[in-house]
Structures are given as structure tokens and as C-alpha cells.
């Protein structure tokens, strides 16, 4: 069983690696120093199945989970989250992102990208991603439906404000048109490797990854803010967390302006506090997800409530479609 | 399954293997005293049943209870042409990979057995080194090699041909999968080849058969048990593959294993996953049964003996084919192309080098200057080597080594005992069920098992403990230990045990002084397998690792899927160097002791 | 029947394999301290008999008792039997010395005793020089010598040997025959010895059981078997014999196929269905063509067709018009015999040296 | 030397293994069509010699020529040699019939011919009934018969046999000896035959090479070797011999260790360093204690200590005060001999039957 049993320590489920290093430096190191609560790190933050399983078998060892919109939707659908009393917390740039179970702590995005050598003209919209005649080449995405379903509808002419409730039949029909030209990866890392190796010409992926590939110089990669899918990263507490009070304290600590600033500096993500966001200059905001500078008519956020209600069915259909 | 495993218990060529009948029944009373060996299987059976079968069975129940009670998952799976195609593709890819592994593995195994010390050492290193590199990283290497800008396509372009799209097609999956399966093919092959008597080949030659013809007509049939064992093993293992198709297959090369994996990992759809797992298990079972019906061999009968069973199947199956092939080989002999003694060695060495190819991709990557897996790297640095020597990597390495050592020990002892029980035991039904049970963890997709472990281990607090991982890995390593040791035992003439018995050795003494030393090569091989199975295992480790215990493959998994951290390449280089060092040292040691013995 | 030490009883022992009966209704008693040889052609069930006694094969039916005790439930390592296997079964991973030490170690002998007895056993078989070799480094014959040494080194109560001298050259074989026999008598062990070499059987055994097709054809001392064979098979298997197909003509007279008449000793009790008569080559003498033989002798004439020089004797084949080919063995008492190929000679033998059987000769 | 078909020459052939010399400076010629036997004790290098000829082992030095051609570069499948291996080497995955058909298939014989010749070969070795069995289902002796059949079925120009009859019972062995010999003469193949059984060697061979420690001790016809052995080793290895340690006393007289005096034929040319004298048991006759022997004879007296009944003859061991134990072989020409154990008897032999050697007798 987890280390959360010990008094004065919490277990945080994130994504390991450099991300974990960054979160540790920005959030937990100062947090531990100030409160004396030790933090243990688990890297299964994206392993929804495992967390749901853990909760269902009443063996929760985690106190704090780092969840993006889609995971949040899955957690909510599974009913494994502890309601959070967020009344005391305020100053969010986008208060609508706060849910009964979660507190937003930064925003990131997934963007359309392309290899400049293979797609000289670049992409201007989701419609371009679906236009295999004009733009040939292997498309690459992570095999998760969130955002992709919406993207298919946008490519098919649905406007962003009319997306929900999603017209699944129409979306999958559109998806059928790129099935054979698309590779779905099980993880961001795999997608990143395939792009770096030049096997993927264009696609849709995590902006931080895209930037990192571009910076490495492996392939000339470019991206657009058009059609970017914004995702709010949320902190949640699972039901049965061994040390719920300390987990809540950590959430409050994460919303301190200096922590928010540190996260932005280390990861390049958009702080969720309005005050911090307002303090940035225009050049800094020009390449941050969720700012006005990068907003376009095709930018959107997935509807967590809709997905929490319908996610299971979509996933099933997504699963079937992938194997169709 | 019982029918096929039944053959395991009868050693057809040993003089006292009475066929059943009224006779042996009347003598039932006096046979009891030799039943001691049968107990050997008990501990292994208990472990497999409690640790593996129970959790997996509970999980499989979910195929009819989730989301609601009924056959919904099965109708979904079998009523959907996409899934059915997937099943068919899974079989075809696995069969093709097995075939490729056989074509590559046979010449290599041959030289490992008959070649000189150095060639043998080189080949062993070549075969084992990839095994020491995480499957995830190896798949990446194949992505590079087979990719659009990879060396293979470069070569093709040299000839003025269009580059071939291999990545994200079944081609890449077959190449990579057969590479992965190669050791499984080679080990039983080498074991059988070792038991082929020199004088048989001499006899064939003296009777007028040229090298190729003697090979086709005599050597090949005598190694048939090894071919069959290796093929079944590869096929069964290949059919449950998921990492390779997921990374290299694209939608055209997707396999059932990756479907199960994604159903669990992405959708938490245990119902569909366990239904698919059951379908996969049934598939393996049917194919294995059909195979055995045709060849008269059992899965565990990995090597060793070319008894009447094998022979009859040879006659039924390939007698005429062998004759035809023999005629073709005779043509080659007359042309003289088969006379060279060097050619097979060169061929095997070349194949060995080819097998090592993915490793060479890893070395430059380990010196990359940026945090990305790119080949060739954009710049060079040694920073990842520095990172490797930090707790972030050394701790998981220590955990993996420790776990693997325990697994080797436990699985080695349990598997050897079980093999003794089955091969030397006399209670027919028991031996049959033991061997079936021993092979189950191999036949069942590991993803499903991993999920099963996770659910049940959670209940009793074994998740995130080394004990939990050790127990799970023991069940995964047991099939290898069991089958390799069984093969060794089966090829051991029982007359040695009789002799020892007549000289006053009790059964335990026979085991310790005679049997174990004589099958030591098999046990060492089995131990190596057990170690590597555990050391390289990522699926179960990903489920069972946690905050406190993290194995190296789990760490590698994180580094690849979350960080794209080139330190994964460093670890591969490190392990490779260690393995090569150990092998070279061993070969040197053997050479030295040999010369010193002949000098004295 | 007896409780004395070292007696072996087979009672109606039968061993079947899938497609044949290897040993068929075997009943025999081996006396304590006896040198008992199981002799027979290849495939007659000798090895099978021995393996049942050693405990490696279970009889299909019947019981085997040792000193009155049914040994069905005695495991073979408790039987204290020294076995020399037909295919040696030396432990390939142990040196010759370690092979020999093995049974002594099993009996927890002190180190000093082990060393000493191993040394003695090695000398017995003249292999002291090869003590540190591995079995694979020995020639076939050398292996067999070590196997013999290993089986006797722990002074077992019984010795079972399955053609232990088969692969040895005659010189060594003869020496080992004598030594095995002496050893057996000195240790007073009961020896059950399997061979297909009747000469070996005759020179070593107290008694011989001659097997054929899984059954005992005749059991008795070497002399009984050689001189009073009860069947044509026995007459033919032991030594060389001239076998004639005959039928009864008159009391004491048999007519041979080719027309000859064969007198037999009335005391011999010629069976009514007499069909085969046998005369040993060494009981026939070559003579110059002479007058009628003295009473109690038969004779005939013939032409020498073949002479086989065999060192201590020559085997002549003489073709007689009335008897067909007749083999005559003459010892080289004094170098040359005067008889040459193509010469016409007389043959003379005692009528009491003619053995007559009811069944047809085999093999 | 010759270019006739089937001649084999070994020239200074030597074969070393890591720790010993298996064959040492072997030079010999085997004539076409000859039945040539390599005889020798275990480990003397017989198998090694054969394997070099068959092409499975390369000589360390020296050349082997067949019909004048150095065969070092002829692969063994092109040598057209039939080999019977010491350990059979039957193909376990083929039935007996398929084993026999194999060499014919290699030679692309038509199906009909194959069937016919396989059938004939099976009958030759009396194994027609087992044609469809697998080698594992045969007894040791049966296996060897099949191995012989397989080696002759394709009418090879040479036949090499490594103790092919070793595991057979004497009956079958004698029959196969005759048949092998007939076969060899009918086919006019050159036969190189390895055995450690001197009786077999004597009865089959045109010539024998007697090997010891990798060297040829003596080569010649059976009679030459038996009657004119050139060394004590040869005298002792072939047949039985009474060997006496002696030293020269006077011309034509040797003194025996225990005090006896041995006359030898002057014609024999007694070497100056004479140290061993040999007399064959069959050349000694037992007599009642009588007067001095006739000229050209020697005699002595002694007491019978042992009688070994051997069927066709009895071997007496007579202890003489002056000569030590002397073995005397007497054929059973007419049943019983009058001599009993402990009886005092006279022994008489021709002085020309005494062989004298310069070196010490071996093993």
C-alpha cells in the first residue's frame, strides 16, 4: 500500500520524468519546505484505468492527481473523485473551468502541426488535416478521441459553438476518410519519436512536444493556433485518499502566484490565475495557449460535462472504429 | 490440451514406458514406489494456480459481467468485421514472424552448436544482446531502420527503386516481431541440435549423401522436434504481442494484443479486453491443438529426442517433401556449392550481425545532445551517461536485478522440479495437467494477466511491492524454465539414473549428483531465460510498479512514452556491454582452462 | 522354497511390450552364490529379464523373490545389486575415479576406504592410468572395463551383468572372465550374467539358462546343455553341430534325407517323431578310406570341399553323397593334417555321439 | 605401386589427439578385392584407422591413396565406401526399410530396383519381418544387422566395418561371417574389417594387420600370424599360448625361470636375447607318466590343478615343478578324457612347436 498512510506525506500522481522534475521544483519543493509534508511521486497520472481500478478495489494510495480535461471526464464518469470545496479559491482567468471535483492550475493545448519539408504549404485548419488529396502523407495522433472527434466535426463544417452535443455519426463518417492515412499512437512519446524520425508528415499533438521536436532540429516542424484544442490541467483528489487535508493544502499552494509563475517558466503553460496572466507582456502571451493572442475561431475546449456523461459510449465506439 | 500434454509423460523410447493396458493396470500396485517424482510438480502448480490462474480467471469473468451480464462483449467482438479482421491478421502476422524467425534462427543455432568457440560466443551475444534491450527501444530502432529515410530504403534507392513503405504496415511488425522471437526459436533448436549424434551424419555421408542432402534427409528430420517446439513457442508468444504492433503496425498492422492493451489502458474496458483475451487464448489453444494433431508433439516437448512420435509424424507429414527437397539438395551438392565449410559460418555470422543491427542504432542515440530520440542525433554529448549514474536510473536498475535474481531462483527451482515430475513421473493424468498448467502463462496475453494481477494483488497489498512483482514474474518465467528443462531431461538417457540407482543412490541423490549436472546446460539456459524474462518485463511491471518499487523497464517506459529521454539508450548500451563482457570472459576462461588441461 | 542368502526366484514372470512378448512365463531359481548365466540369441529377452531383477522394469505379471521376499516394492537403490549395463551407463560428467567412488560415497564409506577400494578396482581392470579421464575420452572397450569396476567396487550381494565383455578383445575378455569368476567365488555373490557368447557362458557358469523367444529352452550345467541338449535349438546354439534331417527307419536306425542310414545308440531312446539328428564335428574323425567300422561306430565317405584354418584346429567340410555336407573339427596336435581339399576321406564316429530330436532344427 | 581397382595405400599415416597418438606411422597396402582385417586390443587405433579411410577424420600427417589417388580431397560421400559403424548410426527417424533405401535413393536408383534390393538385403540379414520398425524398436543385435545390410545394399567398391558383429550371438555371428565373406568374394569388394576377436579375424581374413598402441605389430595371413608370430605380443594375442620367461642356456636350449630346460629346434634360429618362449596348449599332449620322449620331442610331468570344460574340448591346467602352470587343450574326440584333477600326468610336445622371442611378453 502507498506511502500516503504515513502522517505528513502525500502521494502525487503525475507523469514522471522532466515534467515531474518541473512540478517538483515549482510546486512541491517549496510546499514541503513550508509545510513539512513529504511528497511521493507516482507517474501513472494518465493511467486512468489503473486509478479507476485502484479506487474500485478500495485501495487508493494516491492523494493528489494531475488530470487533464479528458481524464477528469473519465474520473467523473467513474465517480471516483472527492468533491472539492473550492469556495475559498478565486481569481481564475476562466472560472468556468472549475468543477465540483477539480481545480484548474494551468492550461495547455494540442495543435495541428506539420513537417515543413513534406507539407510545404502548411495547415490552415482541421479541414486541411482531413484533405488527404491536397495534402498527402501520414497523419499522426495519440489514440484518444478527445479533441479528435470535435476536430472531425469542425473539418466537416460544424462551427465551434455548435459542437455539443457531438454528432457522433457525422464525426466518425468524417474520420473514416483519413483512417488509412493516420497512425494512432499509444503515447505522446511514441508520436514524438515517429515525428522526429520523419515518419509522420502532419497531425495533431501536444504543443510542448511539438516545440521540443522543433527545437531539437530533427525535422523542420511548424504548428498553427488554428483549431488548437485547449486543455485545462486540473488537480483532483480521489475518493479514499489517505491524506485528503494535506492534498487540499497542496492544491491551494499550487494556486499561489509565485508557483503559477514558476510553472509557466518551467513548462511553458498558461497560468490559471488571472492576476499572473495579466502580468505578462504581449510577446510572452503571443505563444501561450488560452490567451486572446492565440485564440481563433476554431480554438475550443472540450466539454467536460458532456464527456463525463457520454465518454464511455464514445470510447466504446472509438475502440470499435479504430478496429473497423 | 490434456491430450497433447499427455504425450509429455510417456517417454516412448525408454524401455520401461509401458503403454497403458490391462497389463500396467494389474501392475499398478508395484508402480507406486516410483511415483515420487510426480510430487515435483506440486509447488509449481500451486504457485501458478494461485498467482496466475485465479486472478486471470476472475478477470476473465468480467468478459460476461461487464458492462452487464451476458455475451455482449463476444457478440461485439465477433460480430464486427474489424475485430474479426484483426484476429485473422494477428494469426497471419504471428505465423509469418515465426517463419522468419525459423529461417534466421536455424543457421544461427546450427553454428552455435557446431561452430567454433568464438563464432558460438559471437552468435550467443548477438542473440542475447537485443533481449537485453527494452522491447520499446528496439521497436524504435526498427522504426529507424525500416523508416522512409532508414538504411533499408537508402539501399533500395541505391538500386534506383522506389522506397518501400514498411513502417506502419505489417512488414515492420513481422520484421520486428521475428527479431523479438528469435531467441525463443534458437534455444530449443540448439538444444535439439546438440543431441544429434555425429555418427548419424557420418553414416549419411558414407552412404553417398552430399552435405546438403545429408542435411535435408537426416539432420533436418532429426532436429524436427526443435523446429516444432521453437515454432509453437514463437507462434504462441507472437500472437500475444502488443508493443510492437502498437508502435510499428499502424492500423494495417494492428494485432489483438494491442487491441487488448488499448481497451484496458485507454478505455478501462475490461469487459472487451477480457473477451478478446479469451478469444486469443482459445485461438492459441486451437492452433496448438491442430499443430499437435499434425505433428504428434506437445508444446512442452521442446527438444531433445527424436523418438517414434516425432518419426511417425515425419512420415505422415514430410516424408515425400523431404525426399523432394533432398533431391534438390543433391543437385546443389553436385554443383559443389555446398562443399564449403566456411560458407555456413559466414552466413551465420552475417545473420548474427544483422540481428545486432538494431543495437547499433542505440549507440549513437545514447550520445545525443538533445532530449530526443533521433537517429542520427543532431549533436553529441555524454550527458545521458551522466544521468544514467543517478538514483533516478540506478535505483530501478537495482530493483530489476534483485527481482530478476529472485525470479530466476524461484522459477528455476519450481520449474526444474515440475519438469522432473512430468518427464520422470508415472501418473499420466497428473503429468498432463501439470504441463498444461505450466504453459498457461505463456499462452495467455500478458496484458490481461497484468490487469488480473493488479486487481487481485491490490486486495492483499502486493501492488507496489517487490514480492508482488517477483510472484507475477515467476509465473511468467515458469513456462520457459519448465519447457527448457523438460527438453533437457527428455534427451537425457534414463539409463544414468538406473545406474545410479543400482549403485545405491536414492532419488534425491540421483537428482543432485546425476540428473542436475547432466542437464546443467538446460538449467543454465532456463535460468538465463527466467532472468531475462523478468529483467525485460514491462507490462506487468507497469501495472505493479508504484511509488516505492519501480523496475527498470517501467523506468524505461516512462522515459520513452513520457520523456523521450536518450538515457534509455545508455542503459541498453550498458547492459549490452555487461553481457558481452561476461560472455567474452566466459569464452576466454573456457579456452584457457581447455588449453591448460591439455597441457598438463 | 528357501530363505538362504542370495537366492532368486522368478515365478511365472512375463513381460509384454506393446507389440510383443519379451519374456514369457519365466520360472527359475538361482541358488545363492551361483554363477548363473542367461544365454540366448539377440532379442530373446535376456536384457529384459535382468532389468526386471534390477528393478528398472516391472513385470507385466508374475513375481520375483529374493531370499523369499517379493521385491516388487523394494526400490532399486535398496536392492544392493551391482549392475553392468549393456551400454555402460558411465556418468559422463564424472571422471573414471569419481564414477567408481560414487557407490562407495552412497554407502558413506570413509574417504580413505574409498580411495583405496577405487584404486584396487582400477587395477583389477587394468585402468589405473586412466583414472582421471572422463568416460568420453575412453574407447568402447575401456568404458566397459570401468563399468565392470564400478559394479563390483562396493561388494554387492548380487551382480547383474549384461554382456559386460562384449566389446572387449578376446585376450582381455578371457582374463576378465577368469577374474570375474574368481571375484564371484571369493565374494560368494550371486551372479546373474547375460551373454550371447556360448563359449563365455560355458567357461564361466555354474548353470546356464538358454533362452529363445522369451522362454527358457533348457537350463542346466554347461556340460548338460552341450552333451545332452533337449532340443535341436540347444544342440545348434551351443558349439557347432552337424544337423541332419532324418526320419525313423527301424529301431536304432534313422534314414537321412540324402539316403544315408544313421545308427543311433538304443540307449538314447529315439523319439517316435525323430526328425533331426546331430553329431558334433569334434566327435567325427577323418580316416583314410577303410573297411567297415568297429561295433558302436558309424562311418561314411566324402570329399573335402573346404578347409578353414582356425589356429588351434582346422574345420573341414566334407561332402558325403549320403549325408550331405559334414563338418569335421581336427585339433592341430602336431602341426599339419595330411588331408587336403578335394581329397576323398572316410569319416567315423560313435553311434552314442548322435543326438536325436523330435522337432525341426531352428536357426 | 598399382593402379588396379580397389587398392588402398597408407603411407606413414599418423593421427594425434590432444593427449595421445592414436595411430602412429601406419604404412600398409590393401590389395584389391582382399579381405583385410585390422585386429587389435581395445584402444589400439583400429577405429581411428578406419575413420581416416572413410574420410571422417583427417590424418595428422601421411597420405592415404585409393587406386593411386590421394583421397585427402575426396569428400567422404564421393568415396563410395560402405561403412558399418561401431555404434550402428541408424537413422532413428526412418524405418528399417527407409534406412536401407537411403543409399540407393542417393544414387537415384529407380523405385523398383530400390524395393527389390532392399528386400534382398533384409533377407540377407534375416530381418525381413522387421522392415517397418524403427531402429529404436530393435534390440542391439538387430540394429547391427540392419547396419550391415545398409552398408552393403548399394554394392560399394569398399566395405569398412567396425566390429559389425560385436553385439551378435555367436550363432548369428558365424552365419554372418560366412555370408559377409561370401558377399565380399562375390562382389569382389575390398573389405577392411575391424575386430578385436581373433577367431573372427582368423576365419574370415585373407590378411590380418595386428595393431597395438597405434602401430602394426605384424601383418600377414592368419596362418603366418598364428604359427610364426614375430613377437610375444602376437603369440599371446592370437589364440592361447603358454608363455615361459626364459634365458639362453646353450645352443638349442633355454632355461626356464623355475628351473626347467626347454629344447628348441635349431632351425628356429633362437635369438641371442631370447627371453620368452611359447608353446600352444593344443600342441601339448597329456600322457601317462612314461619314459623319455622320442627325439624331436620335449616332455615334463605335473599335477592337474584345473579342468575347464568347453564343449568341444577341455582346457587342463597342469602345474609342473620346472615349468610352472602349463595349459593343455584336448579335443573331445570321443567324449571323456581319463585325466582328473589332482592326477599327476606327463606332457609331451614337439621342440619345433616352441616359439622364442627376444622381447618381454605383454599384457
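Note that the chains are named A, B, C and D in the order they appear, and that numbering of residues resets to 1 at the start of each chain.
Assume a contact is a pair of C-beta atoms (placed from the backbone, for glycine too) under 8 Å apart; a residue touches a chain by one contact, two chains touch by 3 or more.
The UniProt protein names, listed by chain, are B = Spermidine/putrescine ABC transporter ATP-binding protein; C, D = Spermidine/putrescine import ATP-binding protein PotA.
The structure displayed is predicted, hence computed values, not measured ones.
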| item | value |
| --- | --- |
| Comparison of A-B and B-D (more C-beta pairs in contact) | A-B |
| Chain C and chain D: spacing of chain centres that average the CA atoms, whole Å | 21 |
| Whole-Å gap between the CA centroids of chain B and chain D | 54 |
| Centroid spacing, where centroids are CA-atom means, of chain A and chain D in whole angstrom | 92 |
| Length of the line joining the C-alpha centres of chain A and chain B, rounded to whole Å | 39 |
| Contacts with 2+ other chains: residues of chain B | none |
| Residues within chain D bordering two or more other chains | 137 |
| Touching pairs - complete list by chain label | A-B, B-C, B-D, C-D |
| In the complex with chain B, residue positions of chain C that touch it | 16-18, 48, 51, 54-61, 72-73, 75-77, 79-83, 85, 87, 89-93, 102-103, 106-107, 150-151, 154, 160 |
| Residues of chain A defined as touching chain B within the complex | 1-3, 11, 15-19, 40-44, 47-50, 52-54, 57, 59, 61, 74, 78, 138, 143-144, 179-180, 182-190, 192-194, 196-199, 212-213, 215-218, 312, 315-316, 318-324 |
| Complex contact set, residues of chain D against chain C | 40-43, 47, 86, 137, 139-142, 163, 166-172, 174, 196-199, 202-203, 222-223, 226, 236-240, 280-283, 285, 308-313, 329-335, 350, 352-353, 363 |
| Footprint of chain A on chain B - complex, ascending | 76, 80-83, 85-86, 140, 143-144, 147-149, 167-168, 246-247, 250-252, 254, 258-259, 261-269, 272, 370-375, 378, 451, 454-455, 458-459, 461, 463-464, 543, 546-548, 558-565 |
| Interfacial residue positions of chain B with respect to chain C in the complex | 15-16, 18-19, 23-24, 26-27, 29-31, 33-34, 493, 495-496, 498-507, 509-510, 513-514, 517-518, 520 |
